[in-house]
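Here it is, the structure in full.
Chain IDs A, B, C and D follow the sequence of writing; residue 1 opens each chain.
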Amino acid sequence: MHLFISARLAWHCEGPTDILLQIEAAASAGQQVISSALESTPAGHFARVPAQDGIGERIWLHQEGACTVTYKAEVEVLRQVTLLDTLAALPPHRLPGEAVPYLMDSRYCPASRFSPFVDAAFAAFEGGAKVCAMAAWIGAHYRYVPGVSDASTTAIDSFVERRGVCRDYAHTLICFARAAAIPARFASGYGAKVKPQDFHAVAEVWLADADGVGDWHVVDATGMADAASFARIAVGRDAADTSFLTSYGNAHLRHLGIEVRTA
Amino acid sequence: MHLFISARLAWHCEGPTDILLQIEAAASAGQQVISSALESTPAGHFARVPAQDGIGERIWLHQEGACTVTYKAEVEVLRQVTLLDTLAALPPHRLPGEAVPYLMDSRYCPASRFSPFVDAAFAAFEGGAKVCAMAAWIGAHYRYVPGVSDASTTAIDSFVERRGVCRDYAHTLICFARAAAIPARFASGYGAKVKPQDFHAVAEVWLADADGVGDWHVVDATGMADAASFARIAVGRDAADTSFLTSYGNAHLRHLGIEVRTA
Amino acid sequence: MHLFISARLAWHCEGPTDILLQIEAAASAGQQVISSALESTPAGHFARVPAQDGIGERIWLHQEGACTVTYKAEVEVLRQVTLLDTLAALPPHRLPGEAVPYLMDSRYCPASRFSPFVDAAFAAFEGGAKVCAMAAWIGAHYRYVPGVSDASTTAIDSFVERRGVCRDYAHTLICFARAAAIPARFASGYGAKVKPQDFHAVAEVWLADADGVGDWHVVDATGMADAASFARIAVGRDAADTSFLTSYGNAHLRHLGIEVRTA
Amino acid sequence: MHLFISARLAWHCEGPTDILLQIEAAASAGQQVISSALESTPAGHFARVPAQDGIGERIWLHQEGACTVTYKAEVEVLRQVTLLDTLAALPPHRLPGEAVPYLMDSRYCPASRFSPFVDAAFAAFEGGAKVCAMAAWIGAHYRYVPGVSDASTTAIDSFVERRGVCRDYAHTLICFARAAAIPARFASGYGAKVKPQDFHAVAEVWLADADGVGDWHVVDATGMADAASFARIAVGRDAADTSFLTSYGNAHLRHLGIEVRTA
């Protein structure tokens, strides 16, 4: 699927400020960046550094005053929607080094505390079918309520309050998967069908195909994106790693506009 | 400094269990593993995978029943004790990709919440001197109380209750440093002067020397270890990444004995 | 039902210490104290003050060194086991002043956060039947695990981890009831059928009979006690109000022995 | 001091809703209500019930649609500003029954966790002077930032983030006092000098005068009110008990206007 992505951000820095951006679709597994353009107000410093797992780049800006960034890209998503039910979980002792960190508890995903619930609720399922059951459970029990979560909301908060936005759905699914010893990471990105249009977030789980080959697979508990319609920006343990804009200094977001079209 | 390390762990697995071990001193910057031997009860599976930041290895075991592991090593620590006061913090926009993830909040280190405190308490200091002041503050205000923290204790708990063990001292220092935009990671390891002898934990902060070259530097807010007497096992965001033994299944630790001698 | 209660506590005070005790069955609605004897090691000060809601008394002791208290009582529980299903919830605006505080969030019962869950899970039930459904849900989803909770464990922790002891079962039920606008308080006491024998805790909910007369009714989500076999010591918002022993100073519990027999 | 109080609230109930109001200055110790008038849009039900500690009343309304309440009162505050330094803390074992509940942890005031900090930071002071030192510490270390706290913000959050509004200042002071075994409760009310004008909150601590007679004394860590310029509405364990408007059903606050003048 072809995605035509357009993003525009504006913010104001009171005094010289360092800004960390993660807004570009990453040249990475399952997607190809056909064309891409990033324009920003002049910055005293502009640098790119590799992001998590070697997927995409983080951009450092050193700025002051009113700033804007415009990003336009054409991305071809090559992934097919896989039936997760056909995939298996590897036993933990067969997990490769790259997957192991995604078994661990993280800022918003204190996964180990969910073990008793996960053991009880999803005992009937294995592997990819278990992940599907988890995503379905969240979809059935959570209410999508824009604005209820903030930078301190963890999966425990969401689980108790049974509501959230895409980040909270993803955090909960990541907790559930990790509690079942299935590596799970957080992916920020662009989704063609996300309504209202905004940055989106999904979970990626490490599952093996019929030949026992492990790989990351997209799952979206909100149901608004799937592997074929999602262009990844960045991955991480959870939302703490993939914020689209982080400021070191005093910056205020003034505008955020996202548009994703397909063709 | 030469460390002669000896560690013995015993545990019991009820039924087939996957075990993840991180107990070996890592061949990594500032330390050289002269000799090393790991002996374990026979396991159905034994695999090594690279650990965080390419430092050391994680060991996967698949086992059942009574298990023991004995680890003996001779490690030469080549690091000198650096006067942190002579080091500078890089402005965030000059941080390399490898350091950036260690600015982010993590499971036990919700650093961003400490910003107002850090801004107020350490405003008089910069760079390495700021990190020293942070470590000194923790040393002066915390009481070292074995047994008060568990797997759910975050730096917020420790900060409010003003007490903890090495992991909690390290978590707090990591929060303080990150809140001041200084990358900080958690390192587990062996310390020659740790009393009572046990696995130890310190913080590592990313600071630059007089030539502007950044590197990780050991800081121990407990004062029990320093760069020259600490042999690193593993690094990570916080204690969630460096547990010496994690079980997937039902395992119970029966014995833990550590001995570190110097020569 | 007649309960013959015997309790013995021993503790050690390092230096002069104030101790607050709540261990005596209270002369209160639904139970009659036939006989009662409390013996303690000599204390520099011994005073009784009325406890919460005028139910029972708190005892202040000022002591030093080794202390013991022995309590023996014969209590007739006059309450019958009421079929809660036959009782109704009053609309909030008809609740009397004494019940209103028990709608509020408290230390271990942040009830308002459970509203979405409670609205969804128990929508099919009203009044006493709703409370029964809540207690049954907890009984079905929680595992009784001695030792997993401590003085910082809230109903949120228990709800996520799906386990606890009597205090945690009661806290969860109290949250559920308050989230449905049914006043609920915490009661500590003695239960004839509690195994292993120990102090026990249940919830009490404010429901109305066929004539619209409201009163407190015992519910025990653990199933170990019922209205007819439970002798109340004290009531409160939650466990924070009803601790059997609180020390102001440095005291260590050395022994706790409870025996409850029926005749 | 004479306070002329005027408050106007407007809200909208989607469907029949029960509303609990606590907005009237209470006829209670240290203040006299000279005149008072409460006008509301017609309600299907209007009832008054006694509030906490017999101080003031809670009002139950059963309503639908657009609702307003206007409250006007003239209150004479008879309290003088006491120099807290001249007051003593009673040893816990001399505390009366009415004060004991205010030693306990509550929803927003998990006081016992602050013991190590309080022991260390305020060891040099006793009784009323200790409470003054606590209030001064908060005033010096906290920043007053409207909007940063919400219904889930506890004193731990405020203590870590070093900021808040009047409720957070009061919660922190209450924690500190209770951790020093000084009973402390939360009081909502009207303050003549509060800027911007709004409902206000202070702490009340139980201290004894030169004759050993205990009583509640107002302390305001924000410095915006004092005993002589504060008209109490309600008291409670913390903000959970004294909300000016609680809805059971779906209500949205549309307007809140407070005006307090002196003469």
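Basically, contacts are C-beta pairs under 8 Å (C-beta built on N, C-alpha and C of every residue); 3 or more make two chains touch, one makes a residue touch a chain.
Predicted, not measured: the structure shown is a model, and the values here were computed from it.
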Legend entry - Smallest count of steps, each to a touching chain, taking chain A to chain C: 1
Inset, instruction - Could you check if the interface between copies chain A and chain B is built from the same residues on both sides, meaning over half shared, or from different ones? - result: same
Inset, instruction - State, to the nearest whole Å, the distance from the C-alpha centre of chain A to the C-alpha centre of chain D. - result: 43
Inset, instruction - Between chain C and chain D, tell me the centre distance in angstrom, where each centre is the average of that chain's C-alpha atoms. - result: 28
Inset, instruction - Send over the residues of chain A in touch with two or more other chains. - result: 113
Inset, instruction - Please categorise the chain-chain contact pattern as a line, ring, star, complete graph or other. - result: ring
Legend entry - Chain pairs in mutual contact under the definition given at the outset: A-B, A-C, B-D, C-D
Legend entry - Contact set on chain A toward chain B in their complex: 18, 20, 45, 47, 49-52, 58, 60-62, 91-97, 100-101, 104-107, 110, 112-113, 151-152, 181, 236-237, 240-241, 248
Legend entry - Footprint of chain C on chain A - complex, ascending: 113-114, 116-117, 120, 141, 143, 156-157, 159-163
